[in-house]
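The two complexes that follow have chain A in common; it is paired with chain B in the first and with chain C in the second.
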Partner chain A sequence: MGTTDSSIVDAARARPGLLFAVLLGGLLLVDLAAKLGGVGLGPIGGSVSVDRLGSNLWNGVVIGLVIGLAGIGLSMTYSILSFANFSHGDLVSAGAFTGWGVAFLIAGFGDVPVRALLTVRDAGSASPGDVGAHILSTPGAILVGLVAAFVVTSLLAVALDRAFYKPMRDRDGISLLIASIGAALIVRYLLQFGYGSDRRGVTASVEQSNLAFGPLGVSVNAHELTILVAAVGLMVAMHAMLQHTKLGTAMRAMADNKDLALITGIPAERVVTATWIIGGGLAGASGYLYVLLRGTIQFDFGWLLLLLIFAAVILGGIGSVYGAIVGGLVIGVVFTTSTIWIPSDFNQAAAFAVMILMLLLRPEGLFGGVSTA
Partner chain B sequence: MSDADPAVPEADAPESATAAVIAAAKESDFALVVGTLLAIYAAAALLSFTDGLNSVVGLMETLTFLGLVYALTALALNLQWGYTGLFNIGVAGFMAVGVYTMGMVVRSPDPAFGPPGLGLPLPVGVLAGMGMAALLGGIAALPALRLKADYLAIVTLGLSEIIRLSLQSSAFDSFLRDTIGAGTGGGRGMGMPDNPVRDLFLVDGQAGTPTALGDLVFGVFGTDGLGISHPILIGWGYIAVLAAFLVGFYLLLERLGRSPFGRTMKAIREDELVANSLGKDVNLVKIKVFVIGCALMGLAGILWFGSQGNVSPTPQFRPLLTFYVFIAVIIGGSGSNTGSVLGGIVFAAVLFEGPRRVGGAVRGLIDAETPGSFADALVSLDPVTLLAYAADNVAPLQFVFLGLVLVFIIHRRPEGVLGDRIETAAAVDLSERPAGGESDE
Partner chain C sequence: MSADDAPEPAGTTESGSESDAPATESGSESDAPATEPVSESGDSPTDAEVSAGTDHALGGDAILRIRDLDAGYGDLQILSDVVLDVADEEYVTIVGPNGAGKSTVMKTVFGLTTHMGGTVEFEGEPIHGLAPEQIIREGIGFVPQNDNVFPGLSVRENLEMGAYILDEVPEAQIETIYDRFPILRERSEQKAGTLSGGQRQMVAMGRALMLDPDLLLLDEPSAGLAPDLVDDMFDRIDRINDSGTAVLMVEQNAKEALRRCDRGYVLVNGGNRYTDRGDVLLADEDVRRDFLGG
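So, the complex of A and B:
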């Protein structure tokens, strides 16, 4: 026992910040337990119902899956091309708009003018109810839209790479980062020009779409279940691709050690293109699913989501696909459950603060991706 | 038109200059800045001369104001990024901290509307704003000691968003009101204290009661003289103040850049490891640069948004503001103070305000109904209708153009459009004096 104790003390001395984070986390857990039990001990405790905690956790998991899905692509481009891609958030928006345009076209064809459908209700005066897009009433349209979001966004990502990033492959990370800010502006404001700037409702409301899970008191709606299935499915497919195909092996090799990968004869450009196709496609799919969850769309929602995606990727460790998924879940849960302790204005700030703390205390991330320092 | 020459204080600058070298170099730089301004004025006059002298002078005033505030902010960023290589993209957050702290310190304890303040004099508020921005800069510098540039970028962006979300929050507002007795106003923002420049022209800032100076200026140029409206004339008065601050920023940063401290900064930019090996305290220099740069950003925020009547966190302090400043620095060529000034002026006129004015002018020429959406414009199959839609929606196109400019510069002219990076890390120009006897260390 004595040796264990001293090693804990040593570790605490070496990493005082980590100790602080662990203590804070422990305190929050004790406080949560006190709140659930309805015990008030001075500043800590209070009352939070199990139902509220359950629904917060469930919402956090669903948002976290969407963020994690988007994070996979960001993490892949970060590790293989060595730059922080600030246009990733706008790929998310682009996927949402094009995917929902296609889903609307199928769901509302004939009843509503085509131009209103393709621009996701910017033109004309169609209401979400007129289009009637919902997973229970028009499952086919929703699924085709998801595929369209994936395909169009991967094409867009490859086009951006060819136009902007390929000519500067050998440049440093900061130059590429600045170029990606330019690309982000171009994509975001072309979306605004084409689709309009107003926030608008997308999904129709269908009765009895809520399923209550009795024991936990958590209410789950059909769209959340769809997101769960789609996101987990895409993640499993991603895992299979990375572990069991030649391309996946090549990608992991490139991410791990680029020079070594090049001298072993891995076709770098082909791997890079595949990275953009898969990373961009997953970003587009996650944007589509995010709109399915929220029910509204706006031209800059992906950009506003970008910092949360970065937070997820950094939390999990740059370059680690599984890290991005876990990081997304952690960020999603922090985002929704932090409202138990702090005002809801601050839940996004809390997620960013977790990211900054992570960078300061454990820069390599939970899963030990590429080092950041 | 003598009031169209706000850069006059710059001419006095070399008198108080620190070294003869700077004065000599400034001769051509100063001419470049004035020449750029004159070219912009000429374009502005061409665009608006049909509307009369008042709108010409008004447009010039807007362009000069924006050019100067962008130049001020670009100079502050140039210290961090151009000189030391610290990639701080939280500029908007530090500016917000500066202007909000100033507002909270100076606002009256029981105002007619908006959040209460501490009711202290304006200079105290300005110093407090700079101090608070510097303090946050010092905290932001801690990650800079450990992280690579791109992670620092994400951290500073996250920090600026945390600042914006905090200022936006009504819970934070009431917390501050309860603890220090001054609030932020949350999402509705706060009104800024009266601009002292306005009091120079008007008694107590009330329209219709000019001071002696106001009488003189309004009599010659105002509605009784040349017919220029009084707010525009007061705007020019404020521009003279901004120009004086710009000269101050410039001289401070030039002096800093040429000091031993400045050479250490440039050494860190070029190769941190070497600077460290030569015994320089890299961490301390980085913290100092962050503190000084963020204090200047806070001051720039006060001069810029403090004069705008009302500040609110969300439209004004979005990360987009940071990117504007970055584009200004990149246009001028990072690492050059003159480049930053020029970049700020050119960005404000050509990329920021120019497209809106041109869009408005083009829209005025087209006689067609604007369609409600891009799809409607496309379906009409009429190029004029499409052009009308584009001219009415010039704002998004302007951002697309900004993005293209940014990518183009990074591809073709990474050293900046308006000049090379002339600031070398060495104290003497090694290329000119290969057999020079001086050595730095």
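So, the complex of A and C:
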């Protein structure tokens, strides 16, 4: 027994952060159990319904999938091009606006002026109800919008690469990072110029849109289910592409060792272009899905979301596609379940606290050093 | 690493024929396996005296023909007026002290340095200035010294990447490589990063052989290998050469490399010093003293 005790003490001395994390996590779990049981013991306990916990978890998974989807592209550009792309958040916004413009055009064509549709109701020129975009009433429009978000954003990403990043290909990561901040500003204010700066509603409301009730009494609405299917589908496609195609293998090879990829005869520029197409496209799709979830759109929402995307990617191990997905889910769940303990104004802080804790305990992230790409 | 057994050359004369060093030990190497004389200046080693040649160009046909090559990195010139030939199916090794530019020669052939002058011809076509991707298409494979596998890819995927420029994965060639390195067949689905140093070296060679190149460039193939694996690695290189692939190799283990190769080049300070049959270089007193540690 004595040796066991001392080894625990040694471990705690060596890694006090781990001890702190374990204690805090244990305390939160005990508190959660007390809350669910409706037991109040001074500062801990209280009451939280199983329904609320369930819906928090479900919301966290849905947001997490969107963040993870956006994180894939960020992680890919980091591992293959070796820089943190700060324009990624604005690619998310760009995908949302262009995708919803197309979805509106299909859903509301004839009822609402085309200009109001393509600008996603700039200056409140029609109500969301007039357009009537909803997965149940206009599923075709929603799906075509998703495809359009992917395609247009991937083209935008390739254009940004040709204009800014390609001429700087052999510069260091910091120079590229700063260039990407410039690109981010350009995209953001072009969006504001084209689509206006108002926050406005996008999706229509449809009765009976709460489709299912899960075992925990969780209400699942049709848009959340759409996001689940679309995001998981895109992630599975991404996995298949990375693991089972020549291009995907070349991407992993370039992420592993760029110099060797060159010597091996892998055409680097073509792989880089494919990286922008896929990473940018996924960013655009995730922005489109984020708007489907929130129901509103604003020109800088992607930029604001970028911090959470970075948190997810860093948590998962920057450079790893699978880490980005898992990191997104962790950040999403922390983001929503933290409101059990703290005011919802602080839930972003909780997400970043988890990221910082991860950096302290495992600086390489969850999947860092395990497998690139 | 070769600095230990290759001190700064002191007072070696440019011309091997003027060698006046006492030839007391030169006889001991005269029983080295005689290879077919390829070099014009290939004096047979004799008991009395051995002189390494300095005629760097090959008389007959060479698949790789380097003439007056100047190259380096950015503004820094490393090689000056290097002359080097590799004949079809020949096994050529480059030795010399650290910083002599041995690896730079290889990297320059493969288009990885700044070309500053002179020519590199492969099978009659100039290849200096081409990108590595094009040079691979010409029929040259390159195994760099360090980090020469993709650690996150499986063994099979590493090999497949070696044939990226082909439309189809050449299954027959993968089988040929598995036959050559049977352990790789067993480890086919394993990530290359989990393999031992010797196995990684096999993956790296296998990858470079995927397009069945006419010339294989090997940069320090024995570096980092456990001593008992070094001989095995040299045997494998012999067999690759025996099956018809010309080999140009830089090797820290200079004695063993010269013993195995057809011809050797001694490079010093980015330029040619001696060129002769491997056994002649091994037997030459100056070469032994200045580059092979006595």
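The working rule: the second predicted complex is superposed on the first by the 351 of 373 C-alpha atoms of A that agree within 3 Å, B and C clash if a C-alpha of one lies under 4 Å from a C-alpha of the other, contacts with A are read in each partner's own complex, and residues count from 1 in each chain.
Assume a contact is a pair of C-beta atoms (placed from the backbone, for glycine too) under 8 Å apart; a residue touches a chain by one contact, two chains touch by 3 or more.
Here the structure is a predicted model, which is why all the values come from computation and not from measurement.
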item: Joint occupancy of chain A by chain B and chain C, clash or fit; value: fit
item: Which partner reaches more residues of chain A (counting touched residues only), chain B or chain C; value: B
item: Contacts of A:Gly54 with chain B and chain C, given as first, second, both or neither; value: neither
item: Contacts of A:Thr249 with chain B and chain C, given as first, second, both or neither; value: second
item: Partner chain(s) touched by A:Leu177 [first = chain B, second = chain C, both, neither]; value: first
item: First (chain B), second (chain C), both or neither touched by A:Leu260; value: second
item: For chain A as apex, the angle formed with chain B and chain C - C-alpha centres, to the nearest 10 degrees; value: 90
item: Partner chain(s) touched by A:Gly201 [first = chain B, second = chain C, both, neither]; value: neither
item: First (chain B), second (chain C), both or neither touched by A:Gly295; value: neither
item: Distance of closest approach, chain C and chain B, by C-alpha atoms in Å; value: 19
item: Those residues of chain A which chain B touches in one complex and chain C touches in the other; value: 372-373
item: Interface residues, chain A side, partner chain B - complex; value: 83-84, 115-116, 118-119, 122-123, 164, 167-168, 171, 173-175, 177-179, 181-186, 188-190, 192-197, 307, 310-311, 314, 343, 345-346, 348-349, 352-353, 355-356, 359-360, 363, 372-373
item: Interfacial residue positions of chain C with respect to chain A in the complex; value: 110, 112, 132-133, 136-137, 142, 144, 147-153, 157, 160-162, 164-165, 169, 191, 207
item: Of all residues in chain B, those that touch chain A in their complex; value: 87, 142-143, 146-151, 153-155, 157-159, 161-162, 165-166, 168-172, 323, 326, 330, 372-376, 378-379, 393, 396-400, 402-407, 410-411, 414
item: Parts of chain A lying in touch with chain C, wherever the complex brings them together; value: 246, 249-250, 252-253, 255-257, 259-267, 371-373
